[in-house]
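Chain IDs A, B, C and D follow the sequence of writing; residue 1 opens each chain.
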């Protein structure tokens, strides 16, 4: 059994890692840490885990963690991650980092939107862990920058089409909607039930830091820098992310080519479901799973392509994809630990 | 007191009309009808109204209604409306119709998306009741085609800018989200709590009949036909509609001109609130009111304009706007019956 | 116009007071205060109020408030209230206090469950503001202890029956459920959307401080001390409180006597609706109103009486009842400012 | 692999059976039927199952089913079940019936609350499938009457205490709350999102047919007939059931004895979690699992015992318990197929 550690195990992404790894057939969850909750039994923080996870939260000490784990998941805020990753790699551990610190290969873009990077040499070495796109590189990586939730939901339907030059990457508009768990466990005015319930609104319009992350990956396949319009919205639900992406078709491209391209790219990808015509992705249908549902329509009036995707922001948008990355890195079945049957409702 | 009738009083738009008219200082609700619930006390259908509305549902008979009412609100499905309107007008009644039957001046567009029109001569006579845009015509009208909820939410932020030629009408993309009450009172798989809760999805992509309604009104100000991309989505909430509209700025247009244009157009409109920079419309803040909140951002990366609006789909998107039309038609205060203080949460 | 002040205007009960007083025909809202948000425009805290409430939050200084207001509402935590009330009364102002500080006439009970009382002489002078029960005393009072939400919902169905000796007060079990707004505006683990959504649970079982408040009022009519069983639960909704109260009928008492007693007591009370047989109170039907719906069944198997009530915890359970108290104190219509038509959904 | 059939696979309990059996290590789901949806691919009805369940719904024909399955789950309305069970048993199949038809051993009680029983001889043979109480009989049974959701949630905390004579069975009051999925898949006024959202209410007060089912099982351990008071309520959530049960302690009984009794009875039961003092069951913590969380308090004022339980009404309250019964009947691990890790949120 591979020994796995989760650093930052009491945030929502960390808790979801704990859930998935607890049921993983090839992994033993050997250590979980939390700066804030060190010394506390995990099931007092997440009572659902009573009888399932019998661990206490340890301090987030990289050296101690490295001794007890073969693979380390970091579910920390950016900046906190880059302070720990070098030590873990030096100790020979392989790392999946869920923060933004190792998602960019362009240092300037990272530093413009986040802060100075203290181990920029690792940015190049790290692999962007969008498994269905960069799976081969993932398998060989020691350090994964696990994709953001919004980028995952936007890039999965879009990248194969950009690569095949079926769409114009300069025209991308991504209108995205996320459940509240994406805002994290911290209790704030934003996450108060009475402010979320019966509320829907855009936020950080034109200013969300997932924008450059999406743009870097589109640019890689477009062969040139791109600027997109990205508007995130907050949904009154716990889990779930839907993205509706608008893009102009390349001259001559049609619906048939779109389907062929996506079917060809995703033929053997176990977590991608391409919906038949007339069916649209629904967050409810992927809740609690690592699945990404994708649908599309060529709008008859305007001729624009409308792409839609649905994921569970905590699973395919965070912890599930992190475990999928680990599966590829260690040669496990890609679906190991991620094959729970979806809930019908 | 003006005597008002609501035909189709037990559907959601009808029920909201009953609510608003019951509190209107200048109106007496004289008759409510329901084909399906004729003979039933209204408060057994809507128990919230116990002690407030002491009426029974009558049959939906135009002649009988015309005798008892000076103004008639029709909250019926399209087609059912056009069967009643001529008789009501012939009897000298003024009519606000909430169906699509009198929203179009272009008969072909209507018949393409709905069905044959049986009183097409009235389509020309009818006024499209978007009060903040066509208020003068409304005041003089005998027949109002009350706007659809989506068109209201898209056109209010957009039309002044189209008229001022600050945006390119060929580039409009409207990503809209509606609460479930927009789907009506009928119990269906779509409205079942267990299918809505924790669900978010697009529907009728590229095929919703509010598309031509929006297009006709943009075209009127653009001076030429336009095609837009419109994608509606279903939100897990009862009331509320948010629209995020993407459009390319005209050459030379900037954020300051956008603000000036909107402020100038909406200066004296009591139900429009233009949000300060950095604040975005939230369905929760307009719940139960006739207000339309409007915000916008010029996306720094792409240069596109992002317009956002929030309304209560049952009020400004249906019954409230219908009453606002009546207020203009009969010379009441525009806000009469619509000035309830909003709920803070 | 009576000048009214709200001290603590940015908590949820305070915000609801602001809403109701803003629409009150006989009142001018002259000053609102907030220790935490002093100097901030009210509509940046509650954007729904944009264009409706154009006040800034002032400091919570009793002397300054007393100069500008004829009636003062205190929406503060207990203990903070008792520190301000004497000064306000000395300045000749009439006060409605929404905390627990003046709800008890029994000082020992208060001090056992809260803390030492610093102006115990006022406890006797204060009137418990359950309007339908103590209305005459309310009209003459200078200081109202506005009832707690749970006590309101339990006492309204119960007290007339206790007084009429139709039920055995020693057998009262109150199983109560409250929406999240009852937990207040503070962002905590308890109010985080992701912990509330799809969650239902009891809390403070056998330990909630509304227990002695309920007991003191039952005892007053029973003529002897009573102990009840009271279990509060948290509902995944913003507003609403339902209480199901179980009590043994007195020998010989029957359903007819129960109805007669309640109908007789509540005949002319505008905010009490007694439901017909077979209909049960629903929080949705009283949302946003000052109404208390009451229903009941004599359980055919056990012979116990089951009483049910539904209120909006922020209105009849807090701010609405506070305004109702003011109406009685100043001789306004009892329903003034509280007669908004309910929402059908 | 054991071949399993689900008759009535498109209702909510049936769909949950399909989910659980699809992931069961010892079972192959060989046939699913639906009268209403015969001939339709299952994943068009439950799109979450796309790629997981590749079956079509067959007709609900017992003879055809018996040929293809070793164990048959019936997820049908009562009456429909009793029409099929005899044929299935005659064909040598073992049956788990989720309707009420085989839950009663007292024919009169069944016929009083349901209808005439057409195979009453099987009522005696059938075992009431409350696994933690009647596990030995379950293992030997050919026909299981799978318990109702409310009875499961009330009986699990209560029966060990009744058996140990620690509580007075004549004093039981069960105040129970269920998520909407308990009302089934049919779209009705009751299940419409807009009537459920922000709504909480009691229903069928003193008239719910789970009352005699609870009473029969208490009586079995009390040694005499009992009458309880049972009031069900509807919660605005999809899955989850909480029951708060009030009962008078026997003379001399105390909190320590209650804990000892429950701990002793449930020591080796994998799905029962007894909560430590001060923690109360929460539907969120058992969502999607077969777990029943149990907590309790001796109310300090009244001395009454307050028992609380939380289950997922579709799992432990229906399909999960049905599979648990099958596991016991066929000698599988009791937790097989039911050991998915709970969700932290």
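The working rule: a residue touches a chain if its C-beta (ideal position, glycine included) is under 8 Å from a C-beta of that chain, and two chains touch if they have at least 3 such contacts.
On a predicted model such as this, the values are computed, not experimentally measured, just so you know.
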Copy pair subunit B, subunit C: interface residue numbering same or different (half cut): same
Between A-B and A-C, the pair with more C-beta contacts: A-B
Between subunit C and subunit A, distance of the C-alpha-averaged centres to the nearest whole Å: 46
Distance between chain centroids, defined by C-alpha means - subunit B, subunit C (Å): 37
Approximate Å spacing (C-alpha centroids) for the pair subunit A, subunit B: 39
Residues of subunit A whose C-beta touches two or more other chains: 12, 181, 194, 197-198, 236-239, 282, 284, 287, 345
For the subunit B and subunit D complex, residues of the former touching the latter: 12, 180-181, 185, 187-189, 191-194, 196-198, 236-238
List of subunit B residues in touch with subunit C within their complex: 12, 15-16, 18-20, 22-23, 46-52, 181, 198, 238-239, 273, 275, 279, 282, 284-289, 293, 340-345
Subunit C - residues contacting subunit D, complex: 173, 175, 177, 194-195, 197-203, 205-207, 211, 215, 227-229, 231, 233, 235-240, 242, 244, 246, 280-284, 287, 295, 297-302, 304, 306, 308, 310, 345
